[in-house]
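Both complexes shown next keep subunit A, but they swap its partner, so subunit B is in the first and subunit C is in the second.
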Partner chain A sequence: MSSYVTPDRSAAPYVDPTPEATQPHVPEVGATSAPLKSAAFFIGAYCKEYNDDFMLCKAENRNPEHCLKEGRRVTRCAIDLIEKLRENCATEFQRHWECLDFRNQEYYRCRKEERLLNGCAFDKLGLTKKIPGTSPGKTPIHEVPNPIYRNVQK
Partner chain B sequence: MPLPWEALIPFGLLTTMYAATGTLFSVVKRAQNDGKPPRYGIESWDEMMMDRDKRLTGSRRGQQDNPIAPEGFATNSIWATTEVSRS
Partner chain C sequence: MPPPGGYETLKYKRNLPFRGPGGAVMVAGVAAVCAFGFWRLGLGNIEKRELKRENIWSRIYLTPMLLAEGDRDAYRRQQAALAREKEIMKDVKGWEAGRSVYHGDRHKPDQRIVLL
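Let's look at the complex of A and B:
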């Protein structure tokens, strides 16, 4: 009966178990949670087709190998959008995600900065924030002028 | 007739003690969270994102908006086989 030997003590040569890469290399998204949360609805608007493709692919088969191609497209699209946001709306984007980071990453507490970012994204990039699942007649919560729930300190 | 101001000393002491402990608590919490108010109502999703932030910036509350991650990020993810304490 042989016991497990760690790679640094074993006599056998180390074989890297990583399989051959089937996709061209794509870098990972470097944005952390607050900027991603700030850009979330714009990622949804800009990368809708690639995201839907990836989710449908995952619905067929959860194996990571199955959806590498669609996943690569999702990553590239998100990187592209963050670069565009930084290029065109740098100050508004930064102020919004810094506000979110200071306030428990809750959208309802940063509506003022969000309005500025939405305006800039619409003007420069043509992207609108749409909340999926709002009923047709109802104003989406981010467009309500005087909401009940807001940040306590003005 | 002179007013008994000595009777207000205990109130003053209690107020000062509450204020001192409250301020100290707030300062300690802010120091632990990189100068920001602490996060609350954290779910597993938020835990996962904060661990990702730690891999990217070195701190669970650190933020950056670079589009591309540093080179080692793709392979430095941590898979724990048992429960680990978070710091």
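Let's look at the complex of A and C:
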């Protein structure tokens, strides 16, 4: 019997005993939740093909072994996009995700920063934020000029 | 006897100064305020629904990336567990390492992970 000790409590430094799988190495995205949430719609727009391909593959078979190749493409694409965002819209991106981090990760409380980021992403990368399923003829929620739900804190 | 010039006239007129709008106006006013409030509430509910949807779509767009990352880790652990099982059971005759306890090829995620 071995009992589990959390890595931060153990005396010796934690070493993951399971080896790297016999698969080509792919760097992980390594972003925390706020930058990911900030970039989510751009990832959806930029990596649509890879994402759809991966999800169709997953629908075929849920075994993690089945879709490793597609999964690597998805990860590479996400890394690529985040790097592009950081190259072209560094300040806007950072301000938006820091705002999200600070505001409970709610989009409606960071519209000002979001508009700057969206504008930059459209100008430099040609990416638009689009929420699928918005009823035609209605302003999508992130472009409503005078919303009822807004950030009330300073 | 009356005083010269007669008595003063009696002040008997009612003195009721204007004390605010009448009942009907009050009722109408309250109704108007309520109507405005409910209208705003309705707009807010629609907006809330849209915000929820926006949030859900951000999750949907992130799902493939997170799933791919998790899959790689799950696969790595699976392979390691398989290697361990092979090592432990190498002397047992007829043991097939990593064989599913179920028939059928639908994937079932591991119920337990060994944390060493």
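Structure notes:
The rule we apply is simple: the second predicted complex is superposed on the first by the 130 of 154 C-alpha atoms of A that agree within 3 Å, B and C clash if a C-alpha of one lies under 4 Å from a C-alpha of the other, contacts with A are read in each partner's own complex, and residues count from 1 in each chain.
Just so it is clear, contacts are C-beta pairs under 8 Å (C-beta built on N, C-alpha and C of every residue); 3 or more make two chains touch, one makes a residue touch a chain.
Note that the structure is a prediction, hence the values are computed from the model and not measured.
By the touch criterion defined above, A:34 lies against subunit B but remains apart from subunit C after alignment on the C-alpha atoms of chain A.
Counting the residues of subunit A that each partner touches, subunit B and subunit C differ, and the larger count belongs to C.
When the two structures are aligned on the shared chain, A:93 is found in touch with subunit B, with no touch to subunit C. Look at A:63: by the touch rule set out above, it reaches subunit C but stays clear of subunit B. Look at A:104: by the touch rule set out above, it reaches subunit B but stays clear of subunit C. Look at A:44: by the touch rule set out above, it reaches subunit C but stays clear of subunit B. Put simply, subunit A uses residues 28-29, 36 to touch subunit B in one complex and subunit C in the other. Every residue of subunit C that touches subunit A in the complex is listed here, in rising order: 40, 43-44, 47-48, 50-51, 53-55, 57-65, 67-72, 74-81, 83, 106-107, 109, 115-116.
Residues of subunit A that touch subunit C in their complex: 2, 4, 17-23, 26, 28-29, 36-37, 40-41, 43-44, 47, 50-51, 54-55, 58, 61-68, 70-72, 74-75, 78, 106-108, 131-134, 140-142, 144, 147-149. Put simply, subunit A touches subunit B in their complex at residues 27-36, 79-80, 82-83, 86, 93-94, 97-98, 101-105. Taken in their complex, subunit B has these residues touching subunit A: 36-37, 39-41, 46, 49-50, 52-53, 56-57, 61-70, 73-74.
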